[in-house]
Every structure is written in structure tokens, then in C-alpha cells.
Amino acid sequence: MKKKSRFLQTPIEPFAVEAGLSAEQVLARMERISFQGRNLATAHHVWQKMLQDDVTIFLGMAGALSAGGLRMVVAHLILDRYVDCLVSTGANLYHDLHETRGQHHYLGSPHADDAALAEDRIDRVYDTYASEEEFISNDNWIADFAATLESRPYTTREFLHLLGGHLWNTTKREGILTAAYRARVPIFCPAIADSSIGMGLSQARQKTPGKGYIDIIGDIVESANLVIRRPRTASVVLGGGTPKNFINQASVQAEFYSDEVGGHRYALQIVTDVPQFGGASGSSLEEAQSWGKLATDSAKVSVQADATIALPLLVSALTTTSSALAGGRKKPIFTLAERVMTIDGQTVPYERFEEVNERAV
Amino acid sequence: MKKKSRFLQTPIEPFAVEAGLSAEQVLARMERISFQGRNLATAHHVWQKMLQDDVTIFLGMAGALSAGGLRMVVAHLILDRYVDCLVSTGANLYHDLHETRGQHHYLGSPHADDAALAEDRIDRVYDTYASEEEFISNDNWIADFAATLESRPYTTREFLHLLGGHLWNTTKREGILTAAYRARVPIFCPAIADSSIGMGLSQARQKTPGKGYIDIIGDIVESANLVIRRPRTASVVLGGGTPKNFINQASVQAEFYSDEVGGHRYALQIVTDVPQFGGASGSSLEEAQSWGKLATDSAKVSVQADATIALPLLVSALTTTSSALAGGRKKPIFTLAERVMTIDGQTVPYERFEEVNERAV
Amino acid sequence: MKKKSRFLQTPIEPFAVEAGLSAEQVLARMERISFQGRNLATAHHVWQKMLQDDVTIFLGMAGALSAGGLRMVVAHLILDRYVDCLVSTGANLYHDLHETRGQHHYLGSPHADDAALAEDRIDRVYDTYASEEEFISNDNWIADFAATLESRPYTTREFLHLLGGHLWNTTKREGILTAAYRARVPIFCPAIADSSIGMGLSQARQKTPGKGYIDIIGDIVESANLVIRRPRTASVVLGGGTPKNFINQASVQAEFYSDEVGGHRYALQIVTDVPQFGGASGSSLEEAQSWGKLATDSAKVSVQADATIALPLLVSALTTTSSALAGGRKKPIFTLAERVMTIDGQTVPYERFEEVNERAV
Amino acid sequence: MKKKSRFLQTPIEPFAVEAGLSAEQVLARMERISFQGRNLATAHHVWQKMLQDDVTIFLGMAGALSAGGLRMVVAHLILDRYVDCLVSTGANLYHDLHETRGQHHYLGSPHADDAALAEDRIDRVYDTYASEEEFISNDNWIADFAATLESRPYTTREFLHLLGGHLWNTTKREGILTAAYRARVPIFCPAIADSSIGMGLSQARQKTPGKGYIDIIGDIVESANLVIRRPRTASVVLGGGTPKNFINQASVQAEFYSDEVGGHRYALQIVTDVPQFGGASGSSLEEAQSWGKLATDSAKVSVQADATIALPLLVSALTTTSSALAGGRKKPIFTLAERVMTIDGQTVPYERFEEVNERAV
């Protein structure tokens, strides 16, 4: 009898429908199907491996996930330390603040009459609405807070930690910013100038000259120093955008100053963009390996899907299978309330790169 | 105090993560988020409404769903009569037959060396492999069966029912074709000539002159007569393609001959294509209303997602919430083993359209 | 000095803007840019190579290209023999017939009120409208013509040639069907049952019992025999769908019966679908090599673009650079008006595959 | 005779192929076809209208357009003042600088062995390669230059003008940065921290403490003040990303302080993302109207296409038809070399918003 090809090893196992399946059972039965379903099941495994290893897990977040109803998923990931550091667009943090302040986004229609919405001062995000007046109130709230800070540049990491603290103290409500504040998880927002948080900061200057200065280059230095301090890293990316590249950049930048850095050990991305047009959001994880952003032997998976479908299923499964892993893992410990942050007791400068990687004793 | 805009009615309710959620709980918590997650939760409701109403439910199936591990989901939908009539590409039926005959598709990689695969005679479908030799054995099996039939044209509906019966009798294994045979659910395959089932039929001519004739136009007549006989219809479409249009065409064609037909009352599609390029696969359900394919007051939802992610979650939820609905609904009853099929005791001609819609007494 | 990497051979040459550039100059300046622009420029070269070689060039056409204003581009490619055989969806041929009969499609809006359109009986294709009444008149015209044919099954190839002839004799207008008739280029329509041409054929049965029979399996045999007769082939695919697979299937089927067949020597596709979801429309040309649809050393290029942008530019350039090539190439010569077609004087049976490849003497 | 529907006004006019067509003739013949081809032809008209009106034209640029061979197209648009202000990702400016310094990107393959590339220190952007060593040399060059500046925060607008000047003085070569310097067109880079230019700035701190500070919030104030000073604006967006939102944000922010601002009068975007997933890059121009980013009566068009195909054709046509328009238009005149920029002789503060809109006398 003819030898079976080496390529035919593991049969596809058709998804078996059954009443009463749990989220993680659904995902487990997707492991041996094909295409993006298989990739989503693989994402569960890759994330579990991250949690079992001693790595700093970065979470990148782009797209309208907060307005779109995923902010408490991200807050959960932060509070229970499935991740260690958040890199976000400004909009996601702003829309989170909007709801934490007790306001809402609303169900809407993608076929709305936008002129009618404009007349009512309703802002549309595809099938979701929000009140422009409430947005203006947020801008003012941010501006007022920023005006109370010292007249010096703040990294987004420092500013957002303080903002989260103020939000928590004012509202005692759950959300991304307040979870990150309470769990002492740093947030970086490299494109803060391209968001309503940036607009709030710009308005702080109007209220009080000398306020509303952000040290965005300090964020680059800090994020690279985080990697220098703790060279084993992992990346979870939702939606691409500036967070995806910023997380990779930290790794690339850190390599200039430390031989121990070798790209992320694990990478998982859930994106809707495709690689064929050359944009960074849709770029493949294989491509990332050419840059050294990702170790060539890393565990990795890319899921081509809208996060509003993929993430609820994935995180429901993950929280069921892996809460003990998340609780028991070697999490980096941060202090974030000062101008200079620390990780595991070591300083993480924003003014210079750490050229010698001194391990904490 | 200012009146709230009429546009701001129902707040987004962020997805709340919890350990141990079931599939239908995950989907229920996606109802008030945004984007495609919300659409998938809506799809669950639209399908439930179909099951509660007295409608004939068509299921369209394109893309490599059978090879990709979803054939038992479709078999389940047929056996438990969540749908009444399947319209499929030939490939999905062929890959189903391939596995029902005891063979497999295999886990593979999208980055494979295709020259090496070609040398081993392994056929790749993105990240999934199959043996060309086993495919040739299927072709022969189909050709041998087709050569046993009468020397006359068969509609795909008649041929596929007989093929399903032969497959069931030979294997006693579950699958799409055998489920449709056992549940007496008709299958139409308008593009059978563009598939390996068509290739098998063409090889029947080689074996026995006069065999392997398909009456594809008869399928048009039959499918329209189905709608004339039972004018209230619903459409569930996976992946677009010829099945999507054929289901709509049945409705449009039936309207020429019966005033009682008015487009589908419910429509649900899970597609990856978008409308912007004008193709039918990605066309919107709104557009379908201009054609009368869909009633202007129909319940409808379009989910932009890979079926390998969306369908396992959706059908796991549906089977949990709605098995009683599926069991208790007014299902059309078919006979399929003859040249002229019947529905609810009435003939469904393939040679002429029923111009008078005589209700069964 | 350090040796330059072997990977850095040919620099990107930025596109240089200049007033008065011709289409082929624009395309030539895109040869050394990146992404899909480069691919489109490469497509020009691949097509030129096809024209210089002794190959049968298949053109596949899916998506609403005729309604969308590209039918005269396709007619031009046929008349001037840039291609030798067309495989099309039914809709493209139907919309071509619609305009050749002196009717129009109309500029519309994707944001139209579809209920209002439905009331006026206007059918929408994204941003394009047509009159349902005119469509019904076409259906009747096709039915009337089909009712004049013999009471026997016709391959789509035979039927469409006769239809094209009738259309030419009636209208003397240019279009795809009339160009193919006049240039004696065969057209296959494997999914004819999923189109208004199929609907017209089904209505022929209503007019005259015994009419409107199509031998779709005969098309499979004929198309494979074409490849057996002339084993060197090339494939140009617009939009995927059934034409893409049917063209490949002819090659795969032919290989069963002839050792001289080895997959297309050239392949060019312009598609909007992507491979990541496993569907055939978006499948890569690399994947096609695993199946033997495409020779492993073939020249090939895939352009990810809407054909309404890519094709006008590409064919404008091609017709400027390559009309002499198209005129001077070794074109296969067909007779199409009979039940059995011929190529270069040899019969192309529809009832059996040619197992011995007898070269024309 | 029945009245023709009001929806059927302007017939589709099929694209007519002809040898020797110029780029603008190709585009003109696409005006009355459908889908994205029609949209690209419309884009030509919308841009022409911008040039004829008294508006400030913002150009946003995301995706790997510079690496991908379009930097000289953008340089041309700047030098000949088809646009007045560039908002770019950092990567596009960095890759422009890379080539202006005499280095190259290289033709590569999307199927490359990324481990082999990593070993050779070659960075891949889909099908395009670059040398990591040359990138490091750029970083140093930027760091060295930044270290020569004053020890104070610079807006990206000020920094990039000075960088462009240094680049021009050093190289005398054409490119985006040097064109903007020479034509005195401001460049904003809101996500500079997410790019290698940001990395270069961070390394300036290592060289000289106190250097490498960017005032990203100042960019928000300046860009809004530009709109307050000159409230009639237009937006041309390539690829979405932070530039798309930043341009819109300037308009929204300006409206807080001036009643004369009412959203862009013209908007044109060429994007590959779609709206269905809620992200800003793919968001529709209709949606932008709900926010007031775009006037409800604006002329607008969205083209779903890869810019590497659409832009060469569009700009080749535009430069042929509209160089006189571009030369003769009322262009805003900037001074950019100081900490406070001016437009048409009026200051554009970075520290406070102009609450009264004083017209230049």
C-alpha cells in the first residue's frame, strides 16, 4: 500500500453541534476546523501559553472597541492581569471615560440620516450613536483635570494613570482607565494628539497657560526601557493601528540597547485589515519577524475577524480556562504615580535608555 | 432640562465577561454591543423568528465550509429541520461526500510550499489539505453511481437525493447529503457543472454513453414552484455565491406566476464580501429589497464575518434555545425520490410553472 | 565595505508624475512601485507574454461587470482576440444582452431608498439601476428564442453562440455576446441556472413543452476536450466566482486523459476577495499550483482590486502596446454553430473525453 | 406610454477601449461606469472643484505609501500646491527621508522567508524590502539633527519644517519633506511617537539631555487655529489612520471657537478599509457629516482602492487637466520656521485658541 503523504497528519474534525455548550467548549471544538475559526481557537492556546510563561504581556487596542461595547472586556483583562500593559488609541480611552462618567453610547443604525443626526448633534460611529453635548462635557472635565496638574510635560503613561485615579475617585465606577489605575497597569497612548483626550488637553491650555503638555517622546523611552528591564515580552493586538506598531517599536528600540531582547515570544492579533495593501494594521506576523519585532521561533496567530465577534468568545473561554493561570503568573509590578515609573522595583527612565540591563537583586 | 434626542433610545451595554458562560449567554450579551457582534446576536433572533413563523426556510451555502469543518453543523440544521431546503455549491457537497466516505481533509498551513504539495498530489484549500488520489476515487464513485441511473436528464434535486440515498446505504454515516436524504430535505446545486460532482457526472458519460445528464433548468422551475406552492419564505445565506442568488431568483421567478409571493419574510446572511464592488455575494439585503427578493418589511440581518467563526457560535446558541421551536414548527413535507417532487402532497413540476396556486385541502 | 544583502537587488523607483502621460506610460511607471500598483503593472507583462506564446487564453468574468460598464472592454478583448474563450456568469451575459437590445443601466446611488425603488420596479446593483420591466422583456425575448430551437439539450456553449447570432442579426449592435458570435469565440456559462438567462430558458418550457433544456455536463466535457486538444493554456480571471474554478477544472479534468496537460502556463487574476476565508474566489494562484491547475513554473500575478478601476487602465495600456501581438498570434480557430464544436479542424466532443490526443496534421 | 421612473436618468456608458488614451481620457471614460471606477473618476472632479474654490486643502497620508513608491506623487502635490497642508504618519515621512538621503527601498516578495530576511537584517513591508542598517543610520541622522535644536518642546509642524530644511540643505534632493520645506507647506505628524522619527528623537535625548521634546498638544491647537483663521477647508485622505481623524478633529475643535467653521466643503478619500467594523480608517464620509467634520452639503467621494493603483492614475490625470487651476488658486501663505507659524500674515498660536476670528486686513 502507498505511503501516506507527510502533509496529511491531522484530520479536520468537523464541529459537532450540541445543546448547552459553554464558550470554551465551542472554542475547543473549533481547534480542528479551518480558516479563521481555527485561528481563533489557536489564539486561546497562544494566550494560555503567554500566561504560563514569564513574559510581559502588552495589549494593543485600536478601532472603536470602547464605544462598541468591549470596554468591560478590556477592563477585565487588566484587572485580572491577563495583560500587563495597555497601548491604546485615544478614542478608546475617551469613550471609556465617557461611560465611566455615567453616560452612554446608544444603539443606532448604519443607514441613519446623517444630516438629521447632525441637526440633533448626535455623533455616529457606524451603528452607534453618542451625544455631542456629553462629549463636550467630557472635554471640559479632562481640561479641568489637566489644568490641576503641574506645568510640565507628562508622559501619556503618567497622565493617564493620574486621569484614571481622578476618574476612580470621582465615580468609583469600573472601566478601562479605572481598572488600569487600580491594578497599576500602565497605559500608553502614542497618538493622544489624535483624539478627544488630546482635545481636552489642548483646552487645558486655554484655561491655564502652561498646562496640557505631553511628553510623547518620553513614552518611547519608557516603553523601550520596560522591555530592556524585562526582555521577555508578548503582544496581543486588537485592530492594528498605532498601538500595534508602538508595541513592536518598543521591542525594536530596546534591542539597540540590550542584547537580551529578541522580539516578542508570543504574538496574537485580531485584525480586519489584510496585508495585501502594505499597511501596518493588516501586516502579517511573519513580516514582523523580518524586523525582529517577533522572535523567529515565537508562538503566533493572526485572526482575521471583527473583535466584536472574536473577543467576547475568546475572553469568555479564557476566563473560564485560565483564571488560575492569570492569578498565579509572575506579573511585573509597577509604580505609576510618579514622573519616573518603576517595574519590579527598578526605575524606568523617560529621559534616557538603560544601556546596561541591571537585574533587580 | 433639555429633551434627549429621539436618536438616543437604547444604551450600548458593554459585554460583561464571566467564567462558565454558555454559547447562548455569550451571544445574548452581544445583543447590545456594536458592529458585527451585534449583528451576530441579531441573527440568532431573526432565525428564531423564522422558526416561529410558517415559512419555508432556504439555506444557501458557498465557500469551503465542508472542507473547513462545518459540514456537521449543516447536517445538524437539516436533520433537526432548522431549514427546509439546501442550495449549495458543488464543492461543499463533494467535500461532504469525501468525508462521509470515510476520508478526511487535513490541517495544513497557508504558507505551504505548493510545489512540494503538488509533487505529493496534495490539494490545498488555504490552510487545509486533501489527497488528490482520494478525490479521484470519489469522482469514480460518483461516476459509477451516475452510470446506474436512467438515461435521461435529472434535476440536481433528484440526482442529489438519490446520491444521498446511495451514500447512506453504503456508509450509514452522517453528513450533509445523508442528512438531507434521511430528513427528506431537497438540495439544489445550480452550479453543479462547476464542481467535482459535475466532473464525476461527466465521467459517467465515458463509462456509459447516455448517462450523466443534468436538467439544470428544471431546477429553476422546481425551485420557483416550491415558492408558488408555499409563498412565505425565509433565506439563510452562508458566504454568498450562486446559492444566494438562486434562492432569491426562486422568489423573483415565482412572483411572475403568483400574486401571493412577495419576497422573503426573513433574511439572514453571513458573508465576507462587501457591497462596494457590486458583486452579488457581498450585496446588501437592502439592495435585495429593490428587486423584490426580500419583502420591504422583512426582518433581516447581515453579518460580515467568516462563517467558521460565526456559525459554530450561532448554531450552538440556536440549538440550545430553539430545539423545541424547530421540533414544533410547521415544516413542509417533501417527497424527493421521483422525477416529480411533491411538497405537502402537491406536485412540484419541473417542466412548467404552476400558474394557479392551488392550496392543499 | 560590507556586502549588500542578496535580497536588495532592484530599488523601488517612485512614480514620477508628469502631464500628458498615456495609460501605458502610467502603467509602466507603476512597475517598480509596490503593492497592488506593482501587481497591475505586472499583469500587463503577463498578458503580453500570453499573447507571444502559443496558448489558448481563457477569460473568466464574474461580478457585475456588464451592468457596471465594462462590457465593451470585454467585447474588445474578444473581437481583437486578446482571449480565445470566455467563461462567464449568466448575469454578465444577460446584462450585456440587455444593453445590446438598446436598453440601459443607469447611474444610481448606494444610499437609495430601496422601498421607493421597489415601488417603481427599479432593481439596484450597488450604485446602478435597471428597469424590471425591461428585464422581463429580455426574459421573454430569450424564452421566445429558446422556443425556436430543437427539443434537445444544448450545451451553454452552443446555446450562447446561437443566442449571440440571433442578437447580432436582430440588432447589429456591439457587445459581448455579439462579439463572441462574430469572432467565433466560445462562451461557457457553468452557472447559467443561476441567472436571468436561465430564467428565460425556464420560461421557454412554459411557451413550448420540451424546449429550454441545457446540457451543463456537456460543457464540462467540451471544456476539458478543448484543453486536451490544445494543452497549453492561460487564464485571465476577473472577480473569481464559478468562471475561475471552471477554467481551472477544465485543466484538471483534461489531465486525467492526457499527459500533455500540465496546468496553465500563465495566470492573471483581478479579484477583490482575499484568501483568508478559504473561498475559491479569493484563493491564491500559489494554492492553484498545489492542485495542478497552474504549472509550478508559470508566470502569474494576482491583483487585489476592483475591476472597474483596474481593467480600464490595464486594457487601455494593453491595446496600445499589444495590438500587433494580438493580431499576429496563433489563435485557435473554432466552429461553434453545430452541436459538436471544432477547434483547429478537430472535433471537440461533448459526450466523451478524448483519451488520445491526436495532433492536427 | 408609461412614464419612465425618476430613478432612471443617466445611462451607464460602457468604457470604450482605444489605443493611445491618456490617463485623463481613461479617467473621463470611467465617469459613467459603476462602482469604484466611477468613484475614482468622481474624485478627479471633486479635487478640481477644491482647486477652483477658496479653501485650504488638507492632505492626509497613511499606509506605506512612501516605501511603496508614491512619495514623489505626494511631493508633486505639495510643490505644485494641489494641497496646502500635509498630515502624515511618521513612517511615511521617515521612508521619504530614507530615500531622500540617497538610500532605497527594494522590490521584494510577500512570500519571502522572513527568518532569512531577519538574518540578513532586511525589514519587509509586504513586497518591499529595506536595510535595517540604513534605517539605523537614519535614526542617528535624525537624532544628531534633533540634538542641535533648542532644549524646548517643538510642535511636529515646527520640527518637521526644520528637518525638511536640514534635509534639503544636506541633499538638495526632491522628496516630501524637502518639497514641503521649499513650498512652505506645513506638515503635522500627530502619531510621531509611533514611528522611527520618534525613535530618532528619543535617541537625541541619549546624545544630549534635554533634547528631543515634542509638543504634540501644540499641534492640536495650531491645526485648529489654521481652520479658525481660514474656515473654508477641504480634505483629501489616503488610507485613513491618524491623519484622517486629525484633519477632521481640527475642524471639530475649531468650531468650538468660531461660528464660521462648518466642516469641510469637499472631501475625497481613497481607503482600503470598510465601514462595517466601526474603525475610523474605513468610516464613511456620510458618518463624518453627523459629527460636523464635513458640511452636509459638501461635495464628497470615497474610493475603495489601494492608493498604489488609484493615486498614479488620479494624479496623472489631475496634473494634466488642472495645473493651471493649481497655479492660479488662492493659496494660503505660511511662515513655518519659527515657533509660532503664520498664515496669510496672521499668527497661528500653539498655546491658545483664537476665539475671535480676525480677518487679515
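In order of appearance the chains are A, B, C and D, and numbering begins at 1 in each one.
Quick note on the criterion: a contact is a pair of C-beta atoms (placed from the backbone, for glycine too) under 8 Å apart; a residue touches a chain by one contact, two chains touch by 3 or more.
Given the structure is predicted, the values throughout are model-derived calculations rather than measurements.
**Student:** For the pairs A-D and B-D, output the one whose chains share more C-beta pairs in contact.
**Tutor:** More contacting C-beta pairs are found at A-D.
**Student:** Please report how many Å separate the Cα centroid of chain A from that of chain B, as a whole number.
**Tutor:** 38
**Student:** How big is the gap, in whole Å, between where the Cα atoms of chain A centre and where those of chain D centre?
**Tutor:** Taking the average C-alpha coordinate of chain A and of chain D, the gap between them is 27 Å.
**Student:** As a quick test, compute the distance in whole Å between the mean CA positions of chain B and chain D.
**Tutor:** 46
**Student:** At least two partner chains per residue is the criterion; list those residues in chain B.
**Tutor:** Where chain B meets two or more other chains at a single residue, that happens at 34-36, 64, 67-68, 111-112, 117, 122, 125-128, 276-278, 286, 304, 306, 308.
**Student:** Report the topology of the inter-chain touch graph, choosing from line, ring, star, complete and other.
**Tutor:** Chain contacts: complete, every pair touches.
**Student:** Show which residues of chain C lie in contact with chain D when the two form their complex.
**Tutor:** 2, 4-23, 25-26, 29-30, 32-38, 40, 64, 67-73, 76, 99, 104-108, 111-112, 116-117, 120-122, 125-129, 131, 133, 286, 303-306, 308-313, 315-316, 319-320, 323
**Student:** With touch defined as at the start, can you tell me which chain A residues reach chain D in the complex?
**Tutor:** 62-64, 67-68, 91, 110, 112, 114-115, 117-118, 122-128, 132, 136, 153, 190-196, 198-199, 201-203, 205-206, 209, 212-217, 219-221, 224, 239, 241-242, 245-246, 249, 252-253, 256, 272-273, 275-281, 283, 286-287, 289-292, 296, 306, 308, 351-353
**Student:** Which residues of chain A touch chain C once you look at their complex with the stated criterion?
**Tutor:** On the chain A side, the touching residues are 34-36, 111, 274, 276-278, 304.
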